[in-house]
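As written, the chain order gives the labels A, B, C and D, with residue 1 at the start of each chain.
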Amino acid sequence: MNPTTLFIDVCYLAAALLFVLGLSGLTSPRTALHGIYLAEAGMALAVIGTLLDHSIITYEWILIGVILGAIPGALLSIWIPMTAVPQRTALCHAFGAMAVCLVGIVEYMHFSGDLGAARMVAVGFEVVLGALTFTGSLIAAAKLQGTFPGRPLTFYGQNYFSFALLGLMLAILGYLVYLQAASVLFYVLIGMGLLFGVLLVLPIGAADMPTVIAILNSYAGLAASATGFVLGNNVLIIAGALDGGSGFILSVIMCKAMNRSWANVLFGAFGAKVQGGAAAIRKDLVYNDTPAQDAALLLANAASVIVVPGYGMAVSQAQHKVRELADLLENRGCEVRYAIHPVAGRMPGHMNVLMAEAEVSYDKLFDMDSINNDFAHTDVALVIGANDVTNPAARHDKSSPIFGMPILNVDQARNVMVIKRSMNPGFAGIENELYYNSKTRMVFGDARAVVTQLIQEIAENSD
Amino acid sequence: MNPTTLFIDVCYLAAALLFVLGLSGLTSPRTALHGIYLAEAGMALAVIGTLLDHSIITYEWILIGVILGAIPGALLSIWIPMTAVPQRTALCHAFGAMAVCLVGIVEYMHFSGDLGAARMVAVGFEVVLGALTFTGSLIAAAKLQGTFPGRPLTFYGQNYFSFALLGLMLAILGYLVYLQAASVLFYVLIGMGLLFGVLLVLPIGAADMPTVIAILNSYAGLAASATGFVLGNNVLIIAGALDGGSGFILSVIMCKAMNRSWANVLFGAFGAKVQGGAAAIRKDLVYNDTPAQDAALLLANAASVIVVPGYGMAVSQAQHKVRELADLLENRGCEVRYAIHPVAGRMPGHMNVLMAEAEVSYDKLFDMDSINNDFAHTDVALVIGANDVTNPAARHDKSSPIFGMPILNVDQARNVMVIKRSMNPGFAGIENELYYNSKTRMVFGDARAVVTQLIQEIAENSD
Amino acid sequence: MDYQSMMLGLYVFVLAVIVGYKVITRVPTLLHTPLMSATNAISGISLVGSLVAAGGGFGPLATLLGVVAVAGATFNVVGGFWITDRMLRFFKREQAAAKLPSSQR
Amino acid sequence: MDYQSMMLGLYVFVLAVIVGYKVITRVPTLLHTPLMSATNAISGISLVGSLVAAGGGFGPLATLLGVVAVAGATFNVVGGFWITDRMLRFFKREQAAAKLPSSQR
């Protein structure tokens, strides 16, 4: 035990604690930012500790790598719109996992494959998890960005093929453990891992991508843990395990909020079949196309309004205008509240982030359970770019793919006003019967444009 | 790595997980018993794993020890009344800590003191923590049982003396680490640990013993962890650390519920000064001594009653009778609820255990925050053997030792009825002004006897 | 125990303390008394160390001390679990009777 | 890594998974999006491994791979923390405005 080793170990232990404290900070919005600072400090300590390690002999190359990564990372985070956060997270995962995989390759080359049984197993897990997270995350990002078809892509017997691939990978790993010498099979293993990642994500629809990203987060964490075992580095083990546990549990929470089983998300190719059937727009039903002027009149006379934001509000970045509208109505004596559905938008808690961005105070945001009974006593439910989370079919239509998902009781309000661009379906790809309800008024147009117009109309009328 | 070692390690890992799962089960009464089974299974696995260890060569002596410990342990747990649970817990701690201390001695003798620096530190902590927990727990048990004066025993400069002792112990430990050879100082260290335990608990009043027991639990856990470091045994490290963390946090929670600071409990000699001053019964004030017949009449005519159980109910084992009385009143159309103060009784959650024993359903038990506003609309607040937790002085009398402790708003009820044996004070040793309130009726007598009488009176009247 | 193992042991210790903290803060007051006796029982894990002392064949004095240690630790384990069990049975009986009011959680 | 260290590492791993689980189940839906990017940032801890690969002097190919790894991991760390920070600032501004309704916790 020399002083440097001790110092490094203290750094690592402190880093691990800071990660735990940092994540614990996220249990309340008041402590969240503070928590992130702690986690950042933890990362800094872990890096400092590592740089002091005697096994590091050149720093130039490290500096080059850091610069190459930090600049695009920072730029991306500064310029990206909030709606694209899921893609960004997936992209980050891809690069982090790639790093893990490359580290595994370096280790393998360095020891010419002769790592001892335990370490070889760890390296095997490291590269396979890294590889599949890399390709899986890239595809997830592409699906979310729309550069890649969002619908599930499957082929006959895909699940069997995947399982066979998994078995083969385990067999190769077993052989490598037995061999204890450099072998091209190691690179074959990585190739199969890359393929496996593709097969894992392709059959899943874009609507389920947030869940997939949480699972990939879990894999990325496990890969980092495996690296920790290879290098005998505790902070890697702990940070990786924290992510491994949290990613998994987060995916479970998200599945529960959508009333889906975890297995169904992963293997169910959700959204594949509905493309054909229920998605066809039912031309036989009538809906009420309302001009913005009329809508403004209705709002101006309402005593109570519940705003239901959804993905469309995020897309058109209408949150600030929505807040303006709410302020205007409140000044006229109307009670305005927001109903936040847990899976509205494309990320869990997506609407909370947007409303916080628009500086709407927390006490006006209500979650589903606490506001659902109040719709019945409300003059206007103002649905802004939300669709699936308001679809009454989830309550009664057993054949609907969203059947059983808890929804907001928008249809119980005295009047319903829906702002969206067309009669097109939302993410689940299904018709929303709410739109054909006699008390529903459809106000077509981009959410921000419509809300801006509503503000003008109401402001003019009141003068 | 031979198969036995692997098996033992798997046992240990499983045991550690079972302990965590078991404690997690205690987050809800529904899963609590199940959780205890898991923890018991964990303990069994840990023992089995150890017995398989090659370093154990004789089993006869072990069997004798187990029998000697198991029989009294079981008998005590079967026969002890629920009111004596705190003493029993303290006694168990004492014996567990003694075991830790003895193990440390055996280790020290076996290596003739030559353990290496790190291990010597671990052994030092092990024996000192074991020794102080041993004597500390014994005194705590004696104070609670009443075989030892419950009031704080202090002498001038006690805190300074304790700190000096602590410093001396650290110095001796440092010397032993340096020495690395058998030395009588090791046994001096243990003796000082024993003394330190006495000094730690003597100055603390019996009312604070539950908090002290939680802290001693923490020490017992840390001692077990230290043993784990000495023996290189993970399950000891983990189980000990779980206890170390939980005992500490539990003591903090308890202090918070009593609105005391942690340091004040440990060093404040709470209850010492009040013995003389406020405790003197104020003969100048009048109280309303009510016979049971009159009390029964009042209850029989009440439309709503809130029962406030306290330590006195526990002492007289009146919980079953109280439930009977409540049933009787309910059958007559009266609404009966229970207000459970978090520190009523002598253990946190004490009243919950008793009411559960009497099979009162959970939905009639209300904690302080949820029922405190309802006293004002209640006909009778029936205080059964509770005192300090109803004392309005906690609200307004800055000089009172319980000032700031949240209390039940019993004094806001339309009528207050207090069942206790005399005008003697409760655990804090102070006068309760509630008893001199004009709407308070004192019904003197043993709680069980009085409640039984009330039941008879009411039953007779209704015939 | 060499340096690396000691360090790893420290990590194990710290993480377990955190786990203990996280678990215990979620236990409702309602169950604090059983919790105290449950953690008391678990601290009887020192039985594991006592077994090694009593059965390790370290000579008569060590064995004697070991036997006393085993007896003490067993007392702790058996007593702790038994009384916890007994207390929780009261709650178990209640199970069917009613749901826990949310305020008591 | 010898057997004992491997085993201790396993304990560390398992306990850290439990800690992660316990912490995350307490995070309100409100903060799930920042949570995802925060854990994403933390998984960039693979930077630590990448540093060793890039700076360990294992030959030109290894160094090249290492540099790419460092770049990827840095991208992950910087990007992840930055965006989380940006998101949480929205919440921070709200801080003074109002208390969180209990239902949203």
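Odds and ends about this structure:
Just so we're on the same page, contacts are C-beta pairs under 8 Å (C-beta built on N, C-alpha and C of every residue); 3 or more make two chains touch, one makes a residue touch a chain.
This is a predicted model, so every value here is computed, not measured.
Among the pairs A-C and A-D, the greater number of C-beta contacts is found at A-D.
Chain centres computed from CA atoms place B at the largest separation from chain A.
For the pair chain A and chain C, the distance between mean C-alpha positions equals 40 Å. We define each chain's centre as the mean of its Cα atoms; on that basis chain A and chain B are separated by 46 Å.
Centroids built from CA atoms put chain D at 15 Å from chain A.
Look at where the CA atoms of chain C average out and do the same for chain D: the two points lie 33 Å apart.
Along chain A, residues 16, 20, 232, 234, 238 each make contact with two or more other chains. Each of residues 3-5, 8-9, 11-12, 14-16, 18-19, 23 in chain D touches at least two other chains.
Within the complex, the chain B residues that touch chain D are 1, 5, 9, 13, 16-17, 20, 232, 234, 238. Residues of chain A touching chain D in their complex: 16, 19-20, 22-24, 26-30, 32-33, 35-36, 39-40, 43, 46-47, 50-51, 53, 55-59, 61-62, 64-66, 68-70, 72-74, 76-78, 80, 82, 85, 88-89, 91-93, 95-100, 102-103, 105-107, 109-110, 118-119, 210, 213-214, 217, 220-221, 223-225, 227-250, 253-254, 257, 340, 342, 347-350, 352-353, 356-357, 359-367, 369-370. Contacts from chain D toward chain A in the complex involve residues 1, 3, 5-6, 9, 12-21, 23-58, 61-63, 65-95, 97-101, 103-105.
Contact residues on chain D toward chain B in their complex (touch as defined above): 3-4, 7-8, 10-11, 14-15, 18.
Residue ranges on chain D touching chain C, taken from their complex, read 4-5, 8-9, 11-12, 15-16, 18-19, 22-23.
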